[in-house]
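In what follows, chain A forms one complex with chain B and a second complex with chain C.
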Partner chain A sequence: MEFHWDSFLSALIAGLHAIPQSLIMVIGPFFLCTVIGLAIVALRLFQVPVLPQIIQIVLTVQKGIPLYLFIVFGHVLYMLCFNPVASALHLSVRVGDVNIMYFAVFILSWAFIPMFTEMYWGAVLSVPKGQYEAGYAAGLTRWQVIHRLVLPQMVPAVIPNLTNMLIGLLKASALTYLVGVMDVMNSALQPVMQSYNLVEAYVASALIYWGIALIIEWCMAGCLHVLGRYRA
Partner chain B sequence: MGDYFTWNGFIHFIPKIAAQLPMTLLIVGGSLAIGVLLGLLLAFVRVFSIPVAKQIAIVFTSFVRGTPEIVQVFIVYYGLPLLVQSITGVDIDALSALYFVIVAFGINTAGYLAELFRGALESVPRGQYEAGEAAGLTRGAIFRRIVIPQAAKFALPGFGVNVVYLFQSTSMAAAVGVMDMMGKAANLGSATGRLLQSYAAAAVLFIIISIVLQWAFTLLDKRVTFGR
Partner chain C sequence: MADAQVIVSGVKKSFEDNLVLRDVSLSLQSGDVVAILGPSGSGKSTFLRCLDYLERADAGTLQLGNDVYDLHDASNKQILEVRRRTGFVFQNYNLFINKTALKNVMEPLVCAHRVPKEDAERIAKEALDKVGLSDRYDYYPSQLSGGQQQRVSIARAIAVKPEVIFFDEPTSALDPELIGEVLSVMKNLANQGITMIVVTHEMRFARNVATHVVFMEGGVIVEEGSPEQIFEHPQQSRTRQFLQQIADDAAIG
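Let's look at the complex of A and B:
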């Protein structure tokens, strides 16, 4: 089997140039899922009636849909519904005017909300109830207890799972080739389309993804070392 | 939306897509078989620190866990025929994509199961090995009769999660043309122009089967850990 190093190198360079697109599809969903996940956790924590249970059922059902199907199904819905909804809202924008990256970030965020919610809920549960009581006994308000006591203690508890989530998002971003996003894998394929040296392109993209995953693990281990310094 | 989705058509599509469930289960079963065997081998190599093999196992596991499954499927689908041809001279390009998908998911599952099995093996106390040796058992007998039954109990919850994840991941097999449930849904949708209907039907089937699988493993876990 001849490995075409020239195709491998051109695919590697093309893939490296697409790293920002793949990272947007990691960081964007991370922020969106964190905001929405923490909001859902807050609803459960403060025992808001009915709504957390409904959300839990929706998230449980959603977890049963494979990511591949979720992306293509979401894309079909997006293509069919965008123009009618835009017209109904008297907006002049049409689906072809919108960068597909917005859709990719949105659909990946939606797909990962259940996992982020579970992760943050587990981290909230790891903070002892006594911390809340101590805060209230010291005269802190509910919001002060949350942001001065609970959130700082949640962070080191969440980091190991967050590492897996970020790597999961990175791997999921590769599936956005289905909707035409020029991520690392799709970009690495472009230089080899004429020569059909596809194996070299896929190996190059795999190495890039692996490198980014290792950097994420290393950075998060460093974060855990710094932020977990005062844990008992 | 009426042209793209009708409830009648949606109900009509469900049995057609469900007919491909055996193909999906074949991919899951085949991948699990490869994954369990290879994962056990990788776990043993790491637990018993076999030189060189341990480093290869660490690199292999890191690569498999750090790269997207879809990239692994494409590497195996396009690369395995070239590799086999260069080693044996046999051209396996004409083989069904199903076999390549099973190998790819088997390798991927092995990477995750290796870590799971390693954790489970390391959870069995050293005293169990020593008790076996004191009772005069051979190393193989210690593993078969003492270590593996205890490690299996530790590994079961994570194993269930991996099986459900594998079941959902096999939907990527449609990317290389395998006619599993996802492939059938895409095919039906393209042929009839009703992609929304076919994908919705596939989603319902995946949700039901995933919930059944999770429930089955929860029941199994309760039975196995009873009294612990």
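Let's look at the complex of A and C:
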């Protein structure tokens, strides 16, 4: 089998240009999942009645759905429901007016919320009970204990899992080609559609994903070194 | 009970069907050092934790000065008030692991007592100096020995000038060679007139430093009195038995 370097280079350049789109599909869901995940964790931590249990059932069901189905079914629902809902809300926007990236960020966030929630919950549980007791005994309020002691101590516990989550999001973003998002994978495939040199495009996109993953690992390791310096 | 600074009355506590504290009462004058002795499971630590609302008592009151607090039914504001008027030293130190020794001592001053940062830093350094850690301000707990961590914990408790400090087995988690440095600090505090309630297994500390000794078992105070009364002339057979067991263990060790 011959490796076509010209196709590889074309695919590589096209893929590199699409890095911002792929990164949006990592950073956007990261922020959304963090906000929602921490809110769910707060509900558990403060032992709010009923709501955490209902949410847990929803999250458990969600965890069992493959990402591929999430994206495909989600897209079908999006296409079917967007216009009727917009009309009902007296909005003039239509589904074709909205950048598909918004949907991609939304659906990836929705799919990853259970994992982010459990990651943050695990980090909360890693903070010893004695830290809470010492904070309370010192006269700190519950909110002071949470934001001055618990949250900072959660960070080093979260970073290794978060690294995996971010890389997982990066790889998951490749599936959004199903709904027409021009991410790294989809963009790398475009130049080789006529020649069918798909292997070259896959190798090019794999190298790009690998490079981004390495950068994520390196950055997170640096964060852990700085933020976890108080640990033995 | 004239001029009593701390009065604890009728503390009861159960964990499900297990009655751990059965109507425990105690009274301290300002400057008293009360040592609470007793076998494991007698309710000593639970009693202390109830006084700081780390466990919620089923009944009982705590009086600090002229203020009376219900140990079962207190508002969040009252609980904060008690915690800001008292200090607590834990068996496992429980230093804030993400903060240096200096920041550990400053934290209650800044957050709970609203002391300006510069003043808090000065007070914190003085407290750390008092416990012999003037060269460890910027060390994290992971960089300190057990004895040093416990001394930071004591500095954190004394920096806020509490009306009473609760010590929950402060030396139990320490290696034998580190116990002395912590007890020495506690002895100095006692000499300075700081009111303390100490749950301890250190008999020599109880004998030489405490002004009042309490023996607890089965959730009740079996006997209490001066160190001389308890150690030299215990009235209750259970107290004698416990002290004899301690003496026998010490002889074997």
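As a working rule, the second predicted complex is superposed on the first by the 231 of 232 C-alpha atoms of A that agree within 3 Å, B and C clash if a C-alpha of one lies under 4 Å from a C-alpha of the other, contacts with A are read in each partner's own complex, and residues count from 1 in each chain.
As a convention for this text, a residue touches a chain if its C-beta (ideal position, glycine included) is under 8 Å from a C-beta of that chain, and two chains touch if they have at least 3 such contacts.
Here the structure is a predicted model, which is why all the values come from computation and not from measurement.
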Following superposition onto chain A, is the placement of chain B relative to chain C best described as a clash or a fit? fit
Identify the partner contact of A:Leu149: answer first if only chain B is touched, second if only chain C is, both if each is, neither if none is. second
Mind working out whether A:Ser205 is in touch with chain B, chain C, both or neither, as first, second, both or neither? first
State whether A:Gly64 touches chain B only (first), chain C only (second), both chains, or neither. first
In the overlay, answer first, second, both or neither for which of chain B and chain C A:Leu77 touches. first
Once the structures are superposed on A, label A:Leu16 by its partner contacts, choosing first (chain B), second (chain C), both or neither. neither
Which partner, once the models are overlaid, touches more of chain A's residues, chain C or chain B? B
After the superposition, just quote the angle formed at chain A by chain B and chain C, using C-alpha centres and rounding to the nearest 10°. 100
Thinking of the overlay built on chain A, is A:Ala137 touched by chain B (first), by chain C (second), by both, or by neither? second
For A:Leu214, is the partner it touches chain B (first), chain C (second), both, or none of the two (neither)? first
Regarding the shared-chain residue A:Ala174, is it in contact with chain B (first), chain C (second), both, or neither? first
Once superposed, chain B sits from chain C at a minimum Cα distance (Å) of 26
Those residues of chain A which chain B touches in one complex and chain C touches in the other: none
Which of the residues in chain C come into contact with chain A in the complex? 52-54, 80, 83-84, 87-88, 90, 92, 94-100, 107-108, 111-113, 140-143, 156, 160
Contact residues on chain A for chain B in the complex? 1-2, 60-61, 63-70, 72-73, 76-77, 80-81, 167, 170-175, 177-178, 185, 198-199, 202-203, 205-206, 209-210, 213-214
Help me check something: in the complex, which residues belonging to chain B touch chain A? 1, 4, 62-63, 65-72, 74-75, 78-79, 82-83, 85-87, 168-169, 171-172, 174-175, 182, 185-186, 195-196, 199-200, 202-203, 206-211
The answer for chain A against chain C in the complex is residues 128, 130-131, 133-141, 144, 148-149, 152-153, 229-232
